[in-house]
Amino acid sequence: MSVATVILQLICPDRPGLVSELAGWVAANGGNIRHADHHTDAGAGVFLSRIEWELEGFGIPRQALPAAAQALADRLSGQAKLHFSDAWPKVAIFASKQSHCLVDLLWRVQSGELPMQVPLVIANHPDLEALCSGFGVRFVCIPSSRENKPEVERRILGLLEDNQIELAVLAKYMQVLSGEFLARFPDVINIHHSFLPAFKGAQPYQRAWDRGVKLIGATAHYVTEELDDGPIIEQTTVPVGHRDEVADLIRKGRDTERMALARALRLHLRRQVIVYRGRTAVFA
Amino acid sequence: MSVATVILQLICPDRPGLVSELAGWVAANGGNIRHADHHTDAGAGVFLSRIEWELEGFGIPRQALPAAAQALADRLSGQAKLHFSDAWPKVAIFASKQSHCLVDLLWRVQSGELPMQVPLVIANHPDLEALCSGFGVRFVCIPSSRENKPEVERRILGLLEDNQIELAVLAKYMQVLSGEFLARFPDVINIHHSFLPAFKGAQPYQRAWDRGVKLIGATAHYVTEELDDGPIIEQTTVPVGHRDEVADLIRKGRDTERMALARALRLHLRRQVIVYRGRTAVFA
Amino acid sequence: MSVATVILQLICPDRPGLVSELAGWVAANGGNIRHADHHTDAGAGVFLSRIEWELEGFGIPRQALPAAAQALADRLSGQAKLHFSDAWPKVAIFASKQSHCLVDLLWRVQSGELPMQVPLVIANHPDLEALCSGFGVRFVCIPSSRENKPEVERRILGLLEDNQIELAVLAKYMQVLSGEFLARFPDVINIHHSFLPAFKGAQPYQRAWDRGVKLIGATAHYVTEELDDGPIIEQTTVPVGHRDEVADLIRKGRDTERMALARALRLHLRRQVIVYRGRTAVFA
Amino acid sequence: MSVATVILQLICPDRPGLVSELAGWVAANGGNIRHADHHTDAGAGVFLSRIEWELEGFGIPRQALPAAAQALADRLSGQAKLHFSDAWPKVAIFASKQSHCLVDLLWRVQSGELPMQVPLVIANHPDLEALCSGFGVRFVCIPSSRENKPEVERRILGLLEDNQIELAVLAKYMQVLSGEFLARFPDVINIHHSFLPAFKGAQPYQRAWDRGVKLIGATAHYVTEELDDGPIIEQTTVPVGHRDEVADLIRKGRDTERMALARALRLHLRRQVIVYRGRTAVFA
């Protein structure tokens, strides 16, 4: 687990020979591939690849690797993302009043399950401050209202920049981020408490109860400007029955929400998710 | 399994003493209760009960039981349904071209899993005739089109009446039954190939693929005039991934569709489902 | 949720009229039944019942109810257990070094999901002290070794008695309790990290990996003197694949362990579990 | 789906450059890779690979490919298996009296889900003859007893040879094949009606009931001489409860058995399973 690796994610137009070209490039530089996974979306004519190899002994020095990967991608008319497994990204967790996802994520970080750093938690209510301090994580409360939303988002963007945050995780933040925000900070994962596309928007558990469904779900997805419509990373469901009231759906939902969010976040952090055309390929 | 039982389903306004009243009535007539299950929907103020007791030795003769149950329900200002476990209802299965649900149901009937008789299969295409004859089941093909729909439904209603059919099961019939049809023959179970309320209507697998979901589902429900909106009996899901094309969703969906339909039908046939206020209580 | 209820669990020899007798007794005393569930194990000739009714307005005063329930059970040659939903039992959680189950349980208690009080956590290692103090729960470390086991168990029994503990939950305690201990304190729930009866005993994940299974599991069960052989309350599984090393099984197992334990504990605390003949009936 | 492909499965000692070497070999011969998946078992030092590319236009002619693959494997000190997706193997299904797995497999073959031919079904009881003839499949009944087992196995081996059978599927055959049989015909898949390694051997459902488990399972595995100990391909589970008698476990088990067997068989037929060191890698 402790061996540092390089992870290359690549998207490019499909054509014969791409696997060989990528693997050959790694091999030519002395890399020992640990994982190589590829997918062709035949309908879209798109080739997706995730290759992970050992950093030690690789012929191209670490600091030169991003440019080398870019050159490779250019040659294939594609886009590349390069990551190092030992460079844990800085992630900000956004929360509101509910603790279940936040405590789950903080515990997973503490136990080493999630390769990330959490410099701060941002919340629009003060309720979860003690929880964060128990885990030794900075807590910033920025109350938001319809009126002050632009100002709140500006302050948040400032915090994200100051702390070199790479990813924001909405752990039941219950606020919609504006298109302007997302244009400046696009890497955001959200957990929605329904099995999307069912019950988009507000109060999904109440609506699920009203409809009399026999399963409820949760969906972890990347955030886009259109509400609850971004690329889906992970979905889970849990059975419910006629004895379950809305409060029971909420309670059962908490477990499935935090599982879906934690799994999605781990997949993202291990660079196993590639987004393309409004959807994801998950190389797990 | 072979002991004949009486099954009483009752819905009435909630008030204290109902369980005692029902169980007392069974006991006073010498009944040995095998299953008793109740539910109160507190919000609606509705009490639901399902009681099953041994027929043999019960003080009220079989032929007098329906009237006695009705009298009991009247006393409680409710509605009762009475069933005998040894009276297997006659069920018509409706199909089209796809065989997966039909072969599954016919096999389950043959193997004794589903306590019902199937006097006939009704289809709007001739494809499944040989399958039915292999199971010794009468097959009636009634091609339907937009123009002849009223005439088709009249013919079907005639068949259902002639064969004393109690329940129709739409095993991928792919036709919408009219409000007039349902007014005359209301007991219909359908299998919809999505996790309702997501992807109501046509081509749910294509739309699921387009949305990039990570789970697909199936929903068995009672049919109402509004499409895919009837009371849900059973829902199932199955994981899908980026390697799955629409054809794979259809293939995987077949398994989850037939499981959901078979489970729902068994629950119905064992009189474990009570419908109220557009939803179901499933006493399983 | 906040209405106080009385819960009666009863086991007795099966005979006709029992449901009526029980429900009649509740009704005769003015009780409004909220849940009534029964089961007959025909092979064993045993009748099991769980009835829950509103405490307020019930004709028998609270302090007289235990004796009344005992008299009822005596009349039926059975055993009764009586509980009040507003009397949250005192539960001791036993832990060792692993935090996942402990943090999960403490969070659920804090969030109100588990109707219990936790006066203390007992551990044989000091690692989890800070976690407990973060939740405001007393932590007692009693290191154990093969030599001092009788002394350790005596000290623990003293603590349980002093704190009026009703139930012990082994949240990855990793120690086997002796028969003497269990004779004096029999109500103990354990989480075992395998799908019992597979992989009883030590290192189940390593052995699961060695065998090449495709699912791993967790089992929450009551503890008996024979290791990993007590009545099972809840079992869960999670898929694993060839890319999962033992460390991955351990990581994935943590999620399924804590879910199984939390569910089992909630079922126990809501008095939905009846143990008989080495097995459980779970009235959920 | 209809494009013919070549599938290469390779096992060899791990070393850097293998992915490049394999993909380079395919590319050098003009192959268009559709799927490439690899796995390194670091503990065992073993590299596993499955590569699938389009047959049309590949530089090495079809009839020369097996030798070319062998030469490649020799160069890597490994073993290779080469398959063509349009060459559907001949598979014999073994059955006894129970129909659920057999009807499921025959239906899946008929519907095109399973890329295989079924020249014959071999059974030790005559019960399923009509079922087979309904699907147009030859049925051979060879009654077996303790005394005539060697003779029965000789006859079966003759049938397998005469019909050029590549794989035998034990669809509830309920007979143990001898080591001699397996030495001569090693490719056999079995479905065992438990979640192995729990409840190896006879009557797993009865023993599962006796133990009071809350989940039952099924395991599809390759057959080895030691009973129920071969490499596992697929496992499934289904919840059971206290209301389920042994007959219910058997009924519920039928669904999970046939699903596990069908999934395992499809994985095998699509050459997604590689066996090594008593376990499987499943490239799905």
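So that you can tell them apart, the chains are marked A, B, C and D in the order they are listed, and the count of residues begins at 1 in each.
Here is the rule we go by: a residue touches a chain if its C-beta (ideal position, glycine included) is under 8 Å from a C-beta of that chain, and two chains touch if they have at least 3 such contacts.
On a predicted model such as this, the values are computed, not experimentally measured, just so you know.
The interface holding more C-beta pairs in contact, when B-C is weighed against C-D, is C-D. Using the average of C-alpha coordinates as each chain's centre, D ends up farthest from subunit C.
Once the centre of each chain is set as its mean CA position, subunit B and subunit C turn out to be 37 Å apart. Averaging Cα coordinates per chain places subunit C and subunit D 41 Å apart.
Within subunit B, contacts with two or more other chains are made by no residue at all.
Chain contact summary for the complex, subunit A toward subunit C: residues 1, 99-100, 103, 107, 111, 113, 134, 247, 251, 255, 259.
Contact residues on subunit A toward subunit B in their complex (touch as defined above): 39, 41-43, 195-199, 211-215, 217, 231-237, 241-243, 245, 278-282. Touching subunit A in their complex are the following residues of subunit D: 16-21, 23-24, 26-28, 30-38, 40.
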